[in-house]
Amino acid sequence: MGTEKQRGDGGGGTGGRYAPAELMACVAARELCDGEVVFVGIGLPNLACNLARATHAPGLVLIYESGAIGAQPERLPVSIGDPSLVTGSLMICGMADVFQFFLQNGRIEVGFLGGAQVDRWGNINTTVIGDYASPTVRLPGGGGATEIAIHARRTLIIARLDPRAFRERVDFITSPGHRARGGGREALGIPGAGPTRVVTDKAILAANVETGELELAALYPGRTVDEVRAGVGWALRVRDTLEKVPEPTDDDLRVLREQVVGARRGRGADE
Amino acid sequence: MGTEKQRGDGGGGTGGRYAPAELMACVAARELCDGEVVFVGIGLPNLACNLARATHAPGLVLIYESGAIGAQPERLPVSIGDPSLVTGSLMICGMADVFQFFLQNGRIEVGFLGGAQVDRWGNINTTVIGDYASPTVRLPGGGGATEIAIHARRTLIIARLDPRAFRERVDFITSPGHRARGGGREALGIPGAGPTRVVTDKAILAANVETGELELAALYPGRTVDEVRAGVGWALRVRDTLEKVPEPTDDDLRVLREQVVGARRGRGADE
Amino acid sequence: MSKVVSMREAIARHVNDGDVLVIEGFTHLICFAAAHEIIRQRRRDLTICRLTPDVVYDQMIAAGCATTLVFSWAGNPGAGSLHAFRRAVESTPPTLAIEEYSHFGMVARFCAGAARLPFWSLNNYQGTDLPAANPQIRSVTCPYTGRTFATVPALNPDVTIVHAQRADAEGNAQVWGLLGVQKEAAFASQRVIVVVEELVDSAVIRADPNRTIIPGLIVDAVVVEPWGAHPSYAQGFYDRDNAFYLAWEGISRDPAKLEAYLAQWVYGIADREEYLRRQPELVARLTARPAMSGEVSYGY
Amino acid sequence: MSKVVSMREAIARHVNDGDVLVIEGFTHLICFAAAHEIIRQRRRDLTICRLTPDVVYDQMIAAGCATTLVFSWAGNPGAGSLHAFRRAVESTPPTLAIEEYSHFGMVARFCAGAARLPFWSLNNYQGTDLPAANPQIRSVTCPYTGRTFATVPALNPDVTIVHAQRADAEGNAQVWGLLGVQKEAAFASQRVIVVVEELVDSAVIRADPNRTIIPGLIVDAVVVEPWGAHPSYAQGFYDRDNAFYLAWEGISRDPAKLEAYLAQWVYGIADREEYLRRQPELVARLTARPAMSGEVSYGY
């Protein structure tokens, strides 16, 4: 997910002070606590993690499934295996260690997930649109998203609201949510807590602690419940009291643009 | 097994030109072919492997269970994890790789085994004399000898003849031979061919290709069948035609003493 | 004894029609030079396996080398889709068979292959549709807890091609930076081709044995091919060509453009040396700036 | 934030009576300094686990710290027996309980522990008496071939002590030379103490990240203890003290001599610094001669 693309589609925010993607990055960054161990993906998660590291969470430990532990990328990585994730990292290990000794071992506190389809229980589909054997659209597939959804102590979903994306049911469960194929997480013996929060372009959805159903938990400045409902393909429950989502501060935006996005000293695509 | 000790016990060879241990090392060295991958133990196996490498088998690949691959020790290692096995080796890997990717993978062509007790089927006991729960003598135990006996494509046993060592039955099977607990190697699904040859201080025993029973296959210069039978605790079969074991050449002995044993530039015990 | 041969010779000798082939390297050290030679030699009916098929397998699929793909994530990392792959699996009937896992599942398959165990156990796949889509994902019961765990079958390729920064003539290969599953894939394989940026004396390898990830004793051929991983990268040698990865979106989307690409950059040239000679700007644009590791002592 | 504490503090805080304790290191990097402090602080009822108990556990057994030993080879490497161990298991009734595996079995137990799987599968133990001697060695059936394979249970220690050549203040630890099962033991453990020859700036670690085997995020305490592994060794720092290993045969054979040894070299001194001060010849006799690795570049 190139950042240009999000910058390009014009500020949805007040007075176009920021682009939707920038707002999403700022909101997602606030979901991370200092010192946490985060499994980072490319695109918005990478922006959010590096923004958090540059602001309120300097002790955030960034782990990439490619095997870079404690990465300090000096440019915005275009891929999850970018050389800038290696140079100056704390440790490089093989992927057998990443998945067995870090992820399955329970050392990852936060995992980021995106997806073409998300259902009301937080199940995610990144595999296929339509039938698996004869797909309408073949998506890339799970990659590490299946095991991240199962083993990260909690996951954050980042996706733009769209009824084609937020659906009653997903075509294929790539990453299990709170009620997946065969039942709930505990019954299935899934260690992680699953998707606790969903950061969208208009609001934050959160899982109901009892039922696991995604509910509207917070509105972004200037957004309405109806706007959000219009982007969700099921009868979205709305919490009695909605959290307030503060606007990105000028500081957040400056750091995001200058230190995180602007940091890119990459070659090839980056020049 | 320190080499002084074997030197000390006076030449059993013709005119005391060499010590029994030196003869055993020379005979064992001849059992190794150039280019083979050998799992090396400390003591006589180490002498034999380094003698072979210095004479007819320069391409011998020495692997130590400690994780040193392609070692070229510049001194006689006192332990299997001696630092001289690391410096100048081709590869150092963790022990999980040694046992899974090298040994269980079937990459080891020859393994050396010794033991307090060896039975007529080549089963070896390095665990305990007497009852396991209340032992008369507690031996060190298997170490890597169990998996070497199972996975090395063939093994060589090195031991001095003594009816208390070569017995009808061993007190405990640490390393399976040709008929172990529960049957033959094939029936048990054991990949390696097992102990094909036993290098002793007076003769070479070899496993019968059909039965797997150890038989007298070769006599050392000046030794008699009766001498050998006196050192074995079962009715030892003697092959109709015995192989000839040539005396160690002066060259072999010079290399062994000067380049292999004499190579030790170790500190601590070695000064 | 030296195992150094040309790429042409290595592929001709060790890669056969119908083989199960692995060209590994997670983003890092993906041996495009080998893939291009396989395409030039028109290998057919290959089962190609990689965690991320990447542009390298999209090209082999487009060239008609493969009948089956074993994988876990089939996108163009950071740039879009693999359109040759998508056309093949989205057509009815599909012209490419697939066997799909997650990254962890593929890694576990290589671990089992390298350890010569027929299966590997992992705590994974609960609640997903993957086991239904792939019957090779099965389960075992733990003899201590009674809990069930997922299993994947060992992957033991006929031939694995590993790109490394350097090796000696016998194939003792050293890699730094991202390691992916290169070591596991090599140990799992019947035959191994090591392709290196730099051929070094054994003394260089022996000076730092902890950097060796593949021992010569499992290697069948060594190919010296500088820039052989372009457009992927080699840490310490050259950067990833992100411009090319982004351009692939447009090239692969249009079958005619893709054909033209293969005609010009694969069929139309003799080897990697010509590939480089024809785009001299690569070296200027992508050569790595130094960032030294420092030394340690192996003395005693 | 720095995790650097004294050995006294690290042991007082993280090693409790009754713990399952691991001090690993295969011949290389065995942390005698930690064992001596545990003896000084008179820990009791420990279950001590190591592939090779070595002199380090023979001393702890003699000092009465342990009730159970989990191991795979209990000799004095290259020198003879561990007589405190032998007296304990040869006496009737034994005064030390044992749980015995082979090296591969112990390694597999640490792998399972590090991967947080309750078991690990291996092709081993057929035809031996080990499964009869140790009911924890069990089996599973492969869901692809129907063949049965041996299993061992995960080993997840309460605390693991790893000696490394160097680490930063957060515990990102680098080791070269023999690696043993240090990484697996650390990842398997609830608590981890890293003891180093040298405390370095994070910049040194970050300059060569492929050398890091233990990440700070799993480390609870960092102790800076030069020569802390003597009489074992630290590649690049000091040689193995084979004279002491040979001498241990005589010391451990005679309970009175062993008592005297502990009185003088463990109870009789405050810490490793005094241990070194009292035998100044060690440094002259065992300091390593340099043998440099050479450098690589991590640039792009």
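For clarity, chains are labelled A, B, C and D in written order, and residue numbers in each chain start from 1.
As a convention for this text, contacts are C-beta pairs under 8 Å (C-beta built on N, C-alpha and C of every residue); 3 or more make two chains touch, one makes a residue touch a chain.
Everything quoted here is computed from the prediction, not taken from an experiment.
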Legend entry - For chain B, the least number of touch steps when starting out from chain A: 2
Inset, instruction - Find the chain most remote from chain A, comparing centres computed as mean CA coordinates. - result: B
Inset, instruction - Count the C-beta pairs in contact for A-C and for B-C, then report the pair with the higher count. - result: A-C
Legend entry - Distance from the mean Cα position of chain D to that of chain C, given in whole angstrom: 37
Inset, instruction - Indicate the whole-number Å distance between the mean C-alpha point of chain B and the mean C-alpha point of chain D. - result: 28
Legend entry - Where chain B and chain C are represented by their mean Cα positions, the distance between them in whole Å: 41
Legend entry - Contacts with two or more other chains, residues of chain C listed in rising order: 116-117, 122-123, 147, 176-177, 179, 183-184, 207, 210, 233, 235, 239-240, 288, 291, 298-300
Inset, instruction - Enumerate the residues of chain B that touch no fewer than two other chains. - result: 68, 83, 86-88, 92-93, 100, 104
Legend entry - Topology of the chain contact graph, where touching chains are joined (line, ring, star, complete, other): other
Inset, instruction - Return all touching chain pairs. - result: A-C, A-D, B-C, B-D, C-D
Legend entry - chain B-facing residues of chain C, complex: 1, 114-117, 172, 183-184, 187, 202, 205-207, 209-210, 212, 215-218, 298-300
Inset, instruction - Please give the residue numbers of chain D that touch chain B in the complex, ascending. - result: 26-28, 51-52, 71-75, 77-79, 81, 85-86, 89-90, 92-94, 100, 102-105, 107-108, 110-111, 122-130, 132-133, 147, 176-181, 183-184, 233, 235, 239-246, 285-286, 288, 291
Inset, instruction - Give every residue of chain C touching chain D within the complex, in rising order. - result: 116-119, 121-123, 138-145, 147, 149, 151, 153, 165, 176-177, 179, 204, 207-208, 210-211, 233, 235-240, 288-300
Legend entry - Contacting residues of chain B [partner chain D, same complex]: 2, 42, 65-68, 77-83, 86-88, 92-96, 99-100, 103-104, 123, 127, 132, 134-138, 140-147, 150-151, 172-176, 180-183, 185, 188-191, 266-270
Inset, instruction - Flag every residue of chain B that touches chain C in the complex, lowest number first. - result: 37, 59, 61, 68-70, 72, 83-84, 86-93, 97, 100-101, 104-107
